[in-house]
Every structure is written in structure tokens, then in C-alpha cells.
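Structure, as C-alpha cells:
Chain lettering (A, B, C and D) follows the sequence in which the chains are written, and residue indices restart at 1 in each chain.
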Amino acid sequence: MAVNVNSKVSYIFKKREFGIFLFILILLAVFGAIEPRFFRSDNLSAILSSVGILMVVGAGQTLVIVTRNIDLSVGSTLGLAAMVMGMVARSKPDFPIIGLIIIAMVVGGICGVLNGLLVSYGKIPSIIATLGTLAIIRGAVFVVSNNVQIDPNDVPKGIIALSTTSPIGIPWLLIFAFLAIVLVWYVSSQTLLGKRVYAVGSNPEAAVSRGLSFNKITIMVFIFVGVLAGLGGVLYTARYATINPADVGRGLEFDVISAVVIGGTNIFGGSGTALGTALGCILIGILSNGLTVVGVSPFWKACATGFLILAAVAIDNLVRKKQEENFLLAIRNQRVVK
Amino acid sequence: MNKKHKALVPVLGMSLILTGVSASFMATSATAATKYKVTYIPKNLGNPYFDAIVNGFNKAAKGLNMTVKVVAPAQAGATDQIPFIEAAIQQKVDAIAISPNDANALCPTLKRAMKAGIVVLTVNGDTTAACRHASITPVDFSVLGKYLVDQTASVIDGKGEWAFLSATSTAPDQNAWLAGAKTYIDGGGQPGLKLVATVYGDDAPEKSATEAQALLAKYPNLKAINAPTTVGIAAAAQVLSTSPLKGKVQVTGLGTPDQMRQYVKDGTVKAFSLWDPGLEGEIAANLIVSIKAKNVKPKAGLTIAYKGVGPGTWKLGKDAVIIAGPPQEFNAKNIDNFHF
Amino acid sequence: MSSLIKAPSRFKVPSYLIGPILILVIAMIYGSLGSEYFLQPSSIIFNTGRYIEIGLLALALTFVIINGDIDLSVASTLAASAGVLAKMWAAGVPIFWCCIAAIFTGFILGLINGLIVIKLGLPSLVVTLATLALYRGITQVMLGDGVVANYPENFVGFDQRLVIGGNPGLPAPLALFIAASLIFYFILHRSNYGIKNIMSGSNPSSSKFSGIDVNSVRLTAFALSGTVCGLCAVMITSRLGSTISNVGLGLELLAITVVVLGGTDIFGGRGAISGTVVSLFAIMAVREALVIQDINGQVQDAVIGLLLILTVLVPRIRSYYIEKRNRKKRFNEAQRNA
Amino acid sequence: MASECEKRGNAINVLECKSVSKWYGEAAVLKNVNFDLAENEIHAIVGENGAGKSTLVKIISGLVPVDVGTIKFEGSDRTFAHIREIQNSGVALIHQEPRLFPDLSVLENVCVDYQIRDGKSKRFNWKKAEEETKELLAQLGCSFSVHSPVKALSVADQQMVDMVSALRKKLKLLIVDEPTASLTPSEVERLFATIHKLNASGVSIIFIGHRLEEVLAISNRITVLKDGEVVAVKKTSETNEDELIRLMVGRNIDTSANNLKSSSNQVSLKVSNLVSPGFVADVSFEVKKGEILGIGGLVGAGRSELLETIFGLRKRTSGEVVSPSHGSLKTVKQAIASRVALVPEDRAHNGLFLNRSITENLVITNLNLTSKGGKRNFAREKVIGQELIEKFRVKLSSASQLVRELSGGNQQKVSLAKWLKQEVEILLIDEPSRGVDVGSKAEIHQFLNASAKDGMAVVMVSSDMRELIELSHRIIVMRNGRIAGELSGSEISEEAVLRLASGLLSTGRGN
């Protein structure tokens, strides 16, 4: 019996991301069939680079959502980090690239600390706290920048190069995205710390009574997503070169949360994987590029995107529910019908 | 005593924050010394293009005994400017200058402003003629469509496929230009060009870049992308500057020199255009004084003259529209002469 | 201490109203410092129209949120309803029937939200995040880059009409809002549906065990929310005299802010119409005061965000210190006795 | 440290609590409590709901901070120590609701709070942990996989996981808070065996329980709490059940059920061939007017699910539930209209609205009486609420108090009372006295008896063997979703029920 159940468990976990993966394959097939040039290498690499920023932030957001929280302020945080970094680069053109990256990540981390403190010690539901900081941090972008945007010639070449080159051929942007996903995968599946993050989301009361430092873990995941949003700010600058106080990172939270949710993370916490989020990001990237490539009218695009996201979530949910139901039923039936 | 007063601490803190915020972000407010109080409402803040218009306003205001206040919403939504118009009405300013985000939605509010004796000018974008006294457009909107087509033709030698990368599908100026371009093409203008698509980047760099990239993938013979929006042109140029198609596909359109300098120098962009947005501000400031002090009634056919401002004289067109000046093309040769 | 808690007052202000009322008062003072016209009846009248739409959305959202769900798609539902109105008007249908159709569209779209949430068992946050994009997309498909204007004179300018003439008069939107608040108050606090709504938000499982048809209560809340969106579409069209596809963009976050600031528990089960109403006027006063003081949009947003956090945080901090002081007092007492 | 302990010898106390007081808001839950625990002792704490038992052990285990007083563990002051510090010094608390993480696997649940000591490798050795966990599970006689997600386990198995989590650390003091409430007799036996084994290996134990026979069976010493105060500390050998009850309640109460065991022949409810996939398999029975039908069986046998299926809450694939006077009932709405009521086992999740007032909780099922045309009438709600409160003697400070603030017994009364304005003809009640103190329990029993006498048909699921046997006119025993057998009259005995429940037909106890 034990062996039987065991294999069923791994079956479920293996299949967890299967639904969304299948959906991506179908989309690729459809887009490719309509417009073979969709598969051109520069198009695919462009999809990946646009998805890279999403993945970096999404990796962090996954852990936040796993702990039953949500961070709506990631777009503003990304904006503030990019803006501060851009201003440093503008005033000191010789500032080392690595220093700029660290500055952006520190700024992001500070925003994360703020969110984390409000949610943990302040006991404010994260959706409210980060709805507030979404606006506050955006206000901060305006204040620090004095409403002046960073132009492409203010951005160091070294930063731009992050989106195009690296020692191993793949752009740094993608390497960062890959590392972020792998880091979250490693932490969540291999380390005790990761298990604690999931435990806090799975049953907060039990976590407290088992002596897990609830507040510390909450603050930690918010700092983590903040730092990654800061890194996202660097990548944003690398990719788009212009940092406009009003535009930078605006609305990113919707895309990130969509990606995480499409990737199968339970919005009520406790479960979710980095791989799922990565697939969710890729799905969003493919949709926004592919729909234009296959010639869907710009007016139909938003409609199609909304519908396909809904479809992806619904199908994934149905498949997963069925699997879980069957699994639980199998376990019960082992007892009931003997 | 302290029990009851402790509850007041947060209140006090809140009001302190409020006043602190207001103290540090209040725009230059009217003082008793000036004669004319003007509120200028750009589309939104942080846009270098509108900063240039503000600069023009301030430049002219110095000699006109005028204070110009600049306030704007966070986003360029259709109705987001309304509260600021209302506030200006309440403050009983002498004039409102506005770069409208919507051709119709602001009309009722602007009409009320006119009723209250406030001079209403639209700058860089227009509403229905009945809702303002006069409109100052940077260039002749009716010919800008043609201009954009011709500009595209000039960077790709008059032949090949091209696409528009517009801002939002609801922006009135963009739609006017697009319509003008279509009329020109339908009328046989630039027969060597083929407009294959019009896409919208929603004035967001991410979306604009994604759309630009998708155009490159879909149209292998694409020769040019024309983005008549500062956000769009920069995003498209950035995509191409890091793409193998750099130099093979041209980016042109409307952008500020500061933003585009990089791409002109690295060869991504041959040429693009804009005008002097500051001129619009200067004309607007002068016109307000004319209307207020000299009781000038703006109408078609009227000629106005301001010394030291751009070309110096303007003739008002249909619906009291003033066209500030011709577009200016920027290219590798002249770009370093411009800084805005 | 106890005298502070058990104040012998006949009329006690509910705790959730204290924050919004304080904000309202401070904003009034602050605004009137900025302009002598701020508190003039005429300026109040002209300003209410814009906020009433947010207020109505917030009232409907109060139902959905108390019920334990959320509807992020309200602004998009509004847009799609306005789109239907515009399209029918452009096709020559009499304006009255256009309005009816718009309200009906809202009802249907709300119903669709509810049905997806209930039938597929997906979290409402996820579903309405998708329909947020979907409904906006439908609007874009309907309206494209076009504008529908030229509505009849007697339809346009509803917000400027007075129900009771004179100075100060009662502007039509305000009258409508007062009527709507009373109706919503009655439904939520005085009707069987209202208590079922609150209870199923408080504990859906217990509600099922108590014979409440939780799903139909939820469905009703969504449909109600949609219907109100349709009504708001009519109002906004009348106020602006034109329709484009981005109408009402971003209103959902404002409406949610109003609801949360009014003390409604974001997780459901607690909340009051009075809170939403006072909070609407508080936010209106803050916005207007900031505008009259010439403060720009981003900073306005940041101030609202800050107030949102403070309204939740300050009572928490206060009760923490009261608790701490009590503990100290008891400890001292015990020491003395020992 | 160790030598110091040895010096003091056996007489020293592992744990000493001195004049511990605790307030929740304005209410004092513990007043000047002194409590000590000798080395290697099994010390039981008993008391009514709300007497402060759980609060006391929460303070000892560091879950809630103490307001006044000192706590010493192994001679060192732990009064304000952090929960982790206390747990690391070898204290573990096991609740009646297993404190587990449903999304994580058994292994992850066991290891999640494991501390990696400084100086050693930072990497957690999952292989080793798996071996250890498997071994501990085997010792407790558990057969499930360590990789199975906890949400797939039964309550009893989950409790074992909770136990293993505690055992993985070096245990010195184990606190078990009402561990047997949701366990069946054989599972209780397994648990007690484990406790004895631990005790034998030198672990001191604090045991909280409502079932006094269990308390008397397992403990060395008993502390009785009443209204937050210690009223007595007794050696187990020198006391008995009656004395304990008197101490707990402060008065003599009659705990015998006084069952007249009379019922009419009129059928109130007929269940035939009911099937709910995975839970209930082909169940048929009848219950008569004025009859109390007990349903026995192990937890997980499908008893609660059977009640829920009858009430229309669960999907059924076949079968029928018929009330002769009201016809066939399929939905909850029909069930309520046919004067059926269900009082669920898990009142916090299924029975009550903890964050709403007592009146609202009582009124929600009686809207048909209080409102007119969908419009609520607050005056009538108040009257009906007050009536029910008085009828059940619910102890409260005000009817607008939140139900959350009531003790378990009073909560159960509210959960039951909310139905009784509906002229209930058929009462389905699931574990009527789970987590309920002796006083409230007796009141509930008296109510059930009186109602049956007045003609109500009662279907009662209970794991409390004494309650089941004393109250029921007839007992059906479920096993694996089916009816394993029916007992009535003189056939009813603890042994018979157990035999049917565990599937041992006639051979007596074995295994």
C-alpha cells in the first residue's frame, strides 16, 4: 500500500505543471502553423528577454503568494530601483556596473523591508498594505526623480549590454531570470528554510505553534521579492534604456500575478512552484507577442489575452482538481472498500 | 490627561505628513504681485515633451507679469484631468491651458470654466471647438499625417513595407495623424510605400517593445516603423539597436532629441522629427494676455504677432487654431544642436 | 482605563468610522486653508459627480468583499456596458433603451463573473483578474479607436443637474448616491439577504450547514456588482457626453480603496455601508483638498495610499500600547500584593 | 548542568510555575496559578471548558506570554523565553487539532522546525531525516508513506505525525492537550501506549483530558482548575471521578443519562441505499419518533459524512432519504423544510460564525420566524435570541458578544440552540460533547433525552463510548462507509460496538 500511494504522489507532482505546459505547446503549434516566422530565432529570443524581467520578479512573487500574501507594489519597486540606479549612473557615468546593480537591489530590498514590516509586525493584510505602498513608492519615484526621465544616453553601455551579451552567449538578462527561478526552486524544494516558507502559508497557526518565526519568514519573502524587483529594475533599464517616472514598471504587478497564478500557485497560499511560474511567464510572453505576429487585430488582442488566461487557469485547475480528487478517493477507497 | 491625548498622536502625525507633503510639492503658487494666474494641465507628469512646453510657458511668463502653475494627473486617462480643471475654476484663475487627454470627455467641464470667465486654451491637442477659446497646435495636424508618410519614405528611399506604432487607440492627436496618413495614402501619396499594420504600444515601453518585435517577426520585408510618440519611438529604437535587423529596418517618427541621440549616433535611426514644443507654451502665454488685457477675440482669420517668439506672426485658422510652426527633422548632422 | 472603553455615551461612533471621519475633517481643514472656495457649496456640488461613480462601485463592491470575494473587473464591466450603450446609440436606438441595455449588460457580465467563480471553483481574485482584461478587450473590440459622442442634450450633463434647486442645492448624482446608500444599507443590514451575505462571508461552511445557499448569495452579489457597473456606465456617459474604450480605466483600485478604508474586512464577514459612504467622502475631501493645493496626481495617490495604511495600522498600534500598559499595570499590582 | 540535576535527585521538579496570571482583554483566564511537575511524572490537568487549562499549557510551552508570574524549567527561568528556545529545551505541545501543514508531506511536516546546529554543515540531510522518521513511524505502528501529503491522512494518522514531530527532538516534557477527543478507542490505546513508553524513557508528561476515566487511568497526579484558579491538586490514587467532578463544577451533578428507552413505532426518517462515493456505501436505516439512534464506529468510518449526506450537503450518487410526513429530501433546503436539523462535529468550521455575535448566530437559522417579506425585525430577533440563550443557559456577558469569546461548552450550546425554534422533528447530531466540559455535557444529554421524550427523533454520532451506550435506544455501527451491524436492547455493550467497529465479528479482541 505504502509503495502504491508513494508512486501516486510523485505522479501528481510530476503532472503539476503538465496542464500549463500542454497549453503552451498548443499555443506554439497554433501560432507556428498560422505564421511560421513566429519561430524565427530573433523573435523567440525577444520573447524570452521580455519574459525575463517577468520571471525575475515572478520568482519572488511566487514565494510571497505561497505564504498567503501578495505584493502589489512590485511594479513601483522596480520603478524606484531603476530610477535611483539611473540617477546614480547619470551623475556618475563611471560608476561600476556591479555597483549599480547592487544599488538597485538594495533599493528594492528596502521597499521589501517596508512591506514586510507592515504585513508582519503591523498585521495589515498584504493586499491592503501593498496597495498602499504601490502608490507611496510610485510617489517616491516622482519625488526622487523630480519628474525628469532618464534618457538612453544617460544609461551606461554596460547596463544595456546586460540585455544582449554575456560571457556564455546567452544574454545576462536570461541568465538572471534562470538563476532566479533555479534559486527559488532550490530553496523551496531542497532546504528547510523553503519548507518553512511553505509551512507558514499552509497553516500559519501551526507554524507559530511549531516555533517557526512567522514574522521573520514573512519579512524575508518580502525582502526577497523586493530585491528581485530591484534586479528587475536593472534588467528593465537594460532592455528599454529609458526610465520614465510615470511609465517605469507601471501595471507590472498584474502581469506578474497573472503569471504566478497561471503557473499553478495557489492564491490562498501553501503551494506553488518556481517551474510553474516560469511557464506562466512564458505563456504570457508568447501570448502578447504571438497574437500580434499571427495578425490578431490590436482591438481583439486584449480580449483574446483575457480569454486565454481564463482558459489556461480554468483548464489547469480542472485537471489538477480531478487528479487530486482521484488521488484522495483512491486513498479513501483503500479504506472503504477492503 | 496623557491617556486621552495619546490617541491624538496618530492624528497629529497624519496632519504633519499631509502638510509636509504639501509644503514640498506645491507648485510655484500665485503671489499677490502677479496680475495673471494661469494653470497649465499637461497630459501627465514626467513626460519630457510637456516639460518643454512648460519651459516655454515660464520663459514667456517672465515678461508678462504672469504666474504659471503646472498640475497633472498620475495617468493620461480620459477623465483624469477633470479634477484639476475643477480646482482651477474654484481658484478663479485667469486662464487654463490644457493638453487634453480626450477630445470630448473634458468638454462639459471646460465649458463651465469658460462660463466662469476663464480663458481656456488647448495646447498640443484639441477638444471640440466650442469648449475652448483657441487651440495651439505644434504643427498643422491636417498635414502631419502626410508629413509622417513622407518622412517614412525619405528614410527608406520611397519603397517598401512599413508600419505605424501608435500610442493608445484612444489618443485624439494620434488618431488624427493616422487618419491623415491614410487619406494621403489612399489619395495616391507615396505609392512605393505599403502600410502593413497599425499597432498600439499603449505608451508603455514594455508593450511598445513587444509590439515592435512582433512586427519584425511578422513582416520579413518590413523596412520601417514609424512611431509618432516619444515612448514608442524610443522603445522601437531600443529593440532594433539590439537586434540583428539594426540598420535594415528603419525607425522614425516623433521623439525628443535627448531621448533619441543615442540611437542616431549608433546608426539605428537615420532621422526623426519633432518641433519646438516650447513655442506652444510661449504663444499660449502671450495669447492669454492678449485676450485678457486687449480683449482680443480669437477667431479664424485673425492675425497675432508676438515679438521674439518663433516666427513672430501667426494667422488663426478654422476654429481658431494656431499652428505654432513647422516640424523640425533631426538627424546625425544636427542632433547635437538640440537639447530638450 | 475602563472609563475609556466603556464611555457612558449614548451614541457611540463605530470604530471603523473613526479613521475616515478624522481624515475627512483634516482634509476639510487642509483644503479650506488652500482656498476660500473649497468649502463653498457650489464647488462641492460640481465635484460630487465624479466621485459618485466610484462611490456606487464601492457600494456594490462592499457586498462582494463582505461576501469573501473580490471583483477586480468592475471598471472593465463599466467600460463594456458603456460600449454597448454607445454602440446602440450610434445604431439609432433611443437613448432610454440604450441605458437599459447598458445596465443589463453589466448585470450579465457580473453574472458571468459569478458563474465562473462558482461553477469552476476558482478564486474570484483570479477570475476577475482575467475578466478585467477580457471585458476591457470586448470594449476595445466594440469601439476600436472610435469615439461615440453627440448624445442628446437632455441625456448629457446629469451630474450638473440639481434635484433640489437653489443654493445650496442637491445635485442629482449626490441625490442618487444618497438613495443608493439607503437602499444598500437596507439590503445589507436590514434584509435577510444582507445577513446571509455577511454570514457566508464570515464562514461559508457554517453557512452551508445552516441552510444558506452560499453559491446563490455569492452569485447575487456578483450580479449586483455588475448591475451597478452598468448604472455607472450610464452615469459616466451622461457626465462626459462621449464614450471611448478606455473609459473608467483604473477605477477598480479606487473603489477597493474606498471599501477597505471604510473598515470592510478584505477577507469578508465584516463591514458596513456606513463605512463605505464615509470613506468615500473622506477620500473625496482628501483628493479635492490636494488638488486645490496644487498637488500632482502621483503625490495624491501616495497620500491616499499612506492614509489607507495608517487607518489600518494606527488602531493596531494603539491597542498594542494599551494592552502593554495594562499588562504593566497588572504586573505592578501583583507585585504590590505579593 | 547534568551533575547539578543529579545532585538534587528525584525529588526536584522539572517544571515550576509560580503565581501565574493571564488576562485576555479585560477577562482574567488564569489567577495566581501555581503548578509543578515532578520528574518522570504524568500530571493531568482537568477542569471545565474555560477553566484555563489550555491557556496554562500554552504559557508553559511559550505560545502565549505570561502577564504575571514566573516559570522555571529544569531550574532555569523561562518566564519570557521565546517559543523556539522553550521547544529546543525539550518541551513539546500536542494539541487536539493536529498542528500540521496540509500541503507538505509527512517528512516535511516532521522536519520543518528542526534546528541545524551551528558549526555543523548547513545543509539539511534529508536522507537521514527520512530514515529517522520512518523508524519513529514504525515504532508507533503507522504504515503510511513519509512522502504522502498530510492532507490525505486521517485525523488519527495526522495526530501520529504530530507526535513524531515532537519525538524527533530530544524530549523532556510532553504536553498533550485533549488528545483523545477525536480518536477511537483503539487509537486511544495506541496513544496511551506511546505515552507510557515515553514516560518510561524519562519524559515528564502533562495530560489534559475531559474523559475522566482516561485521566484516572493514565496519571500520577491531578490538578483541578476552576475559573482560572487551582482548586485542588490530588494524587490519582487518592481520588475518584465523583470527587473530581465536584471539584471541577463546584456542585454535584448527575451524570447518568436517565434514559427511559421508550419510543413509538412511528417512523420519522427512512434512509435507503444511500451512496456517497468514497464515504458512504449503501446505507439503509430507519429512525422512529422519540428514538435516539446512536451511530458508532471509528473516526473515518463515514459517520459524519453519512449525516451530511442525509442533510443534503454531500453529493449522493444513489439512494433516498424520506421523511414520511414531508416526502423525499435531497437538498439542505428540503431537509430544513422537513424539520431536520444537523449539529456538526466541528463547530468552529461548520457550526458557528465565530466572528459574529451570539444573536446573529442564533438568528441565522430562524429568519423565517424573525423576518417578514425578507425584512429583518431586530426586536423579534432579540426576543428569540434571548429565549434560546435562556433555554440553554448559555453563559455570556452580552448577546452581542462574539461567539469566539465563549467557552467550548457554551459554543456547543449555541450550535445546538440555533435549530430549536424550528420545531425540529429529526435532529442529526455529530459528537454532541466533543470538547465540552462535564457540566455542559450533562445539560446537553438531559436536553437530548427530554427532546426524545417529546417525540423528536435523534440520530447521534458519538465516539464517546459511554455517551453512546447510555443515551442510545439503538446503535448502528459503521465501518468503512457501510453498516457493520445493529445493536439494540441488551445487545448494547462497549465490547459489541468495538467488535463491529473494528471488523472483528465474534472472535473477541485480537490483533
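Throughout what follows, a contact is a pair of C-beta atoms (placed from the backbone, for glycine too) under 8 Å apart; a residue touches a chain by one contact, two chains touch by 3 or more.
Note that the structure is a prediction, hence the values are computed from the model and not measured.
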{"item": "Labels of chains that are neighbours to subunit B and to subunit D", "value": "A, C"}
{"item": "From subunit D, the most remote chain by mean C-alpha position", "value": "B"}
{"item": "B-C or C-D, whichever has more C-beta pairs in contact", "value": "B-C"}
{"item": "Euclidean distance of C-alpha centroids - subunit B vs subunit C, Å", "value": "33"}
{"item": "Between subunit A and subunit D, centroid-to-centroid distance (C-alpha), Å", "value": "42"}
{"item": "Where subunit A and subunit C are represented by their mean Cα positions, the distance between them in whole Å", "value": "30"}
{"item": "Sequence positions of subunit B contacting 2 or more other chains", "value": "25, 44-45, 74-75, 169"}
{"item": "Shared interface positions of subunit C, touching two or more other chains", "value": "140, 144-145, 245, 296, 298-299, 301-303, 306"}
{"item": "Shared-contact residues (touching 2 or more other chains) in subunit D", "value": "none"}
{"item": "Touching pairs among all chains present in the structure", "value": "A-B, A-C, A-D, B-C, C-D"}
{"item": "For the subunit A and subunit C complex, residues of the former touching the latter", "value": "118, 122-125, 127-129, 131-136, 138-143, 245-246, 254, 257-258, 261, 267-268, 298-307, 309-310, 313-314, 317-318, 321"}
{"item": "Contact footprint of subunit D on subunit C as seen in their complex", "value": "2, 5, 190-196, 198-199, 202-203, 205-213, 269-270, 326-327, 330-331, 334, 338"}
{"item": "Of all residues in subunit D, those that touch subunit A in their complex", "value": "61-63, 83-84, 86-87, 93, 95, 99-105, 108-109, 111-114, 116, 124, 126, 143-145, 147-149, 152, 154, 165, 277-279, 281, 300, 302, 480-481"}
{"item": "Residues on subunit B engaged by subunit A in the complex (per definition of touch)", "value": "24-25, 44-48, 51, 74-75, 169, 197-200, 203-207, 209-211, 213-218, 220, 231, 234-235, 237-239, 242-245, 258-263"}
{"item": "Residues of subunit D defined as touching subunit C within the complex", "value": "19, 21, 23, 26, 67-69, 311, 313, 332-333, 335-336, 342, 344, 349-356, 360, 363-365, 367, 371, 374-376, 418"}
